[in-house]
Amino acid sequence: MNDLVTAAIVVFGVPAVLVGYILLTERIIGALPEQRQGAIRPWFWIAPAVAFLVVFLIYPTINTFVLSFMDAQSKSFVGLDNYLWFIQDPGTIEALRNSLLWVVFMTGGVVGLGLLIAILVDRVRYEPVAKSVIFLPLAISFVAAGIIWNFMYGYQDPSRPQTGTLNAVIGIVGLGPVRWTQEEPFNNLSLIFIGVWMWTGFAMVILSAGLKGISPELLEAARVDGATEWQVFRGIIVPLLTPTIFVVATTIVITALKSFDIVFTVTNGNFGTDVIAREMWQQMFTPPGNFGRASAVAIVLLLAIIPFMLINIRRFREQEAIR
Amino acid sequence: MTSLLKARDQAPSVAGQRRGPKLSRLLLHGVVIVIAFIWIVPTLGLLVNSFRPAEEVSRSGWWTALFPPWDFTLANYARVIDANDLGDSFINSLFITIPATIIPVMVAAFAAYAFAWMSFPYKNAIFVAIVGLLVIPLQSTLIPVLRLLASTGIAGEFLAVWLAHTGYGLPFAIYLLRNYMGGLPKEVFESAAIDGASPATAFFRLALPMSVPVIASLAIFQFLFVWNDLLVSLIYIGPTDPENLPMTVRVASLVSSIGGQTHILTAAAFLTMILPLSVFLLLQRYFVRGITGGAVKG
Amino acid sequence: MSHGNWRKVLVLVGALAVVGAGCNTGETGKDKEVTVIGSWGDAEQDSFLAMVEPWETRTGNTVKYTGSRGLGAYLTTAVASGTLPDLAGLPGPGEMVQFAASGALKPLDDVLDMDTYRADTVPALVELGSSGGNVVGVFMKLSVKGFIWYNTANYTGERPANWDAVMAVDPSPADSLFCVALESAADSGWPGTDWIEDFVIRQSGPQVYDSWVAGTTKWTDPAIKQAFEAFGEVLEVSFGGAAYQNSTYFGDGGNELFSDPPGCKFHHQASFMSSFFKESGGAADGDYDFFVMPEINSEYAGALTGGGDLLGLFSDKAAAKDLLKYLVSAEAQQIWADRGGFVSANTKVTTYPNPVEQKSADAIHNATVFRFDGGDLMPGTMKAAFFTAMVDFAENPGNLDQILAELDTIQSTAYTPQ
């Protein structure tokens, strides 16, 4: 019972405190001279977010940056040694190549399929069912996802019945069995497909929400004027959805770069499937941990997304300019 | 708006190429059903196998169970449900997840509104820096944050996980909300200002209600992320206060140190999935057209 | 905003402060609590809790246990940030030494009754739990490596006199002589490392084994290369080739003993493998048996390898010290042994509920030479490379020289504290 009371206070109290914060700051700002209000107000509105980010992300990032110039146990300064190790390690080239494959194919797959599904299900009556099916993989815990793909990609000796779904299917026409996650050229793509399967629902939900924001009258007007569905898509939907597509794509690029768990649990980077993020995990958590090297890899990841961030800046300037 | 005019200009010239509605409807249903089928097969396999004895799972494919002789069992589910403290850990998961969803969504909404509709120096630079924080691997924050939480005495408490998940969830939340709010029609806010509404009123009465679909999707993602998290809880709550640990940690300990026992994990996976899936179905009614009051983005 | 609304907000802020305060209750009871984290789950967790119950009743203290596999990430973070439970399972002796060196692990010499502990415990394990002259880790749950398992329907059960005689056994009615299964998610390859370790100790003896594990003997040394070559011969007469070996989960590795027609006659795996025969192989008690891998060089006959779960102390709490002292006692160890799935390091524990555990305990207690799993004794990076090397070797046995040379490169830096 005590728990229930506490729960009720938390669930209602936390939002109330946050709303209270905004109302309180508005009152403080209201007491200021009119012309200074506009300059002060935004800082109050972003302050809670900035406070959280400083503690949980910015401070650790500065810490990571410093550690990347220190030794394994962060005891002494080693200069650029950790970065040199990263550049010189023979596995780096392969990991870089695979991370690039992840970024290209996972982003392409997730955004492309997510957009396709969002647009298509918008026109069918069983939309909630279809969306739930695509969304399902997001709700599955990571451990279960690992097991699932064992059932899909599983390999048995050719003399035995195949228990993996894919090998059983291609076996019907006399092909295989194939070691999907181990053999070139399937291995990387098989692993990336797991990522696509998991994240397409994410893209679909966001893009679908964006799609619902487009006025139906606008689309109807175009159709009445004789535009084909393709023209409606190219001429209206895509331009209006571009900012949202951009948000989804940026998020997935970063997710793909950070993604290590699929590779970690399925192949552990063997068979030429290693990625940079798994390398970082290994350096960090192979006891007692090489925090210097792990931090250097984290900083490399941070640098790798700078181009995407620059494109983002440009996009937001454009958005403000046209409205 | 220009793109719309362009589409209208081009439209009549190719009107004749339009395919028959019947054929394109058929194609539409075909594509949706094929993709949905591909997407559900892996989960279906998991579901079927969760009702099969372990030795059957390792001997034959899940689809063989669909044909007689049937050999289904509830033992895997019974094993999970009988686990000690599973109910308590379920409550803990709720207790962790709900505030850890509400706080970041609200905090992000304030910030996103400021980034979208207020002007201040270095606005874009600060915003892009926040989005850039998305790339920070969670693992590299664990040690410094745990030190901090331990020194303030909140490590081990629910509060530690609420705050941490809020911090980790904010970059994406702000990014997504700012993008959506930035696309809301300018006229709405201008006329509200002329009517004398304060920015707070405009936020609560206009921006928030118009952003319901995107807030609903954000809430579901944050909910899922926290609900399925094991590492953050294990490390910030940790073994010093095991009575506060969530269901993910409890489920993971259903497997012995040697490994195997995937049949128990498959059953557990479905049991843990029920709630997030219900939340998704519940929130789906917010993903409908018109709730934004006919807002046109772009 | 009206004054009424203001009051509501203030009430809610107050309520939240109360919640915050509510989170901090119960600090006074902490002295009576001992927190433990370990990798034991499922039945192991139940057995551990049953083991500590008499101690809880006697002392009035409570044990709070958290089970979680893959403690590496947790412990690395916890040790680095100094936020630790009272007792924790350790990933292996190599990590134990590193945690002891960092000062996180407490020495146990004044915690345990050392005379009784030394007298009752397998000497090699007392040694392995020591670092810098102090005992810092105690072994809880042992497993014996190098069991050659077979299906009693396909093999008479006689133990061949030496390794050559094993290799000369006719595989029929099975397709192949051995099954080798190396897949184990992020630890893939480890079953192969057990093979190499069993060959090294039987071919070249404990001195070479120790210096190899310690990073002194190189991987390209003929003694180590010879072990890989012997394993290569095993792979040649193993079921399914590299495709099967690298794709098959180690827990399913024994399934082919029981299939029809059988895929293999023998399966080399540790003492805990019998639980998998029952879980996924569909076997029942009595369907399987084993013999300990026979000698190769008669000079080292009776040598044995094994593994075990280490427990270490991370706090100065009196109750935690008392619990640890109780856990190593024969009284406590017998409780878990009686519940099954447990082989004790305590020689006073003599009765086991089933023949596999009984024979495992006898094998450890009677071994002329007992050595711990070599991979677990190596530094983390060396161990990880060893695992990966086994996957590579099964895939491309012809690349042996290159694989060993790469291991040498890693060996040259893995042992020096960076």
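Order as written gives the chain letters A, B and C; numbering starts at 1 within each chain.
We take it that contacts are C-beta pairs under 8 Å (C-beta built on N, C-alpha and C of every residue); 3 or more make two chains touch, one makes a residue touch a chain.
Note that this is a predicted model, so its numbers are computed, not measured.
Contact counts per chain pair peak at A-B. Farthest chain from chain B, judged by C-alpha centroids: C.
Each chain gets one centre point, the mean of its Cα atoms, and the points for chain B and chain C are 37 Å apart. The distance from the centre of chain A to the centre of chain B, each centre being the mean of the chain's C-alpha atoms, comes to 11 Å. The set of chain C residues that touch two or more partner chains comprises 73, 80, 249.
Each of the following residues of chain B touches two or more other chains: 57-59, 139, 143-144, 252. Contact of a single residue of chain A with at least two other chains is seen at positions 10, 14, 19, 23, 26, 150, 284-285, 291. For chain C in complex with chain A, the touching residues are 1, 5, 8-9, 12-13, 15-16, 18-19, 22, 72-73, 75-76, 79-80, 91, 94-95, 98-99, 102, 175, 185-189, 239-240, 243-244, 246-247, 249, 259, 263, 380-381, 383-384, 387-388, 391-392, 395, 417-418.
Within the complex, the chain A residues that touch chain B are 3, 7, 10-11, 14-15, 18-19, 22-23, 26, 30, 38-39, 41-43, 45-46, 48-50, 52-53, 55-61, 63-64, 113, 116-117, 120-121, 123-124, 128, 130-144, 147-152, 161-165, 168, 197, 200, 202, 205-206, 208-210, 212-218, 221-222, 225-229, 231-232, 234-236, 239-241, 243-244, 246-247, 250-251, 254, 257-258, 277, 280-281, 284-285, 291, 294-295, 298, 301-302, 304-306, 309, 312-313, 316-317, 319-320, 322-323. Residues of chain C that touch chain B in their complex: 20, 23-24, 35-45, 64-69, 73-74, 77-78, 80-83, 85, 88, 141, 184, 249-252, 255, 272, 275-276, 279-282, 309, 341.
Listed in rising order, the residues of chain B touching chain A in the complex are 3-4, 6-8, 10-12, 14-15, 17-18, 24, 28-29, 31-32, 35-36, 39-43, 45-46, 49, 57-63, 91, 94-95, 98-99, 102-104, 106-108, 110-111, 113-115, 118-120, 123-128, 130-137, 139-141, 143-145, 148, 163-164, 166-168, 170-172, 174-176, 179-180, 182-183, 186, 198-200, 203-204, 213-214, 216-217, 220-221, 224, 228, 248, 251-252, 262, 265-266, 268-269, 272-273, 276-277, 280-281, 284, 287-292, 294-298. Note for the complex: chain B touches chain C at residues 54-55, 57-59, 139, 142-144, 146-147, 150, 153-155, 157-159, 231, 234-235, 238-240, 242-243, 245, 249, 252-261, 264.
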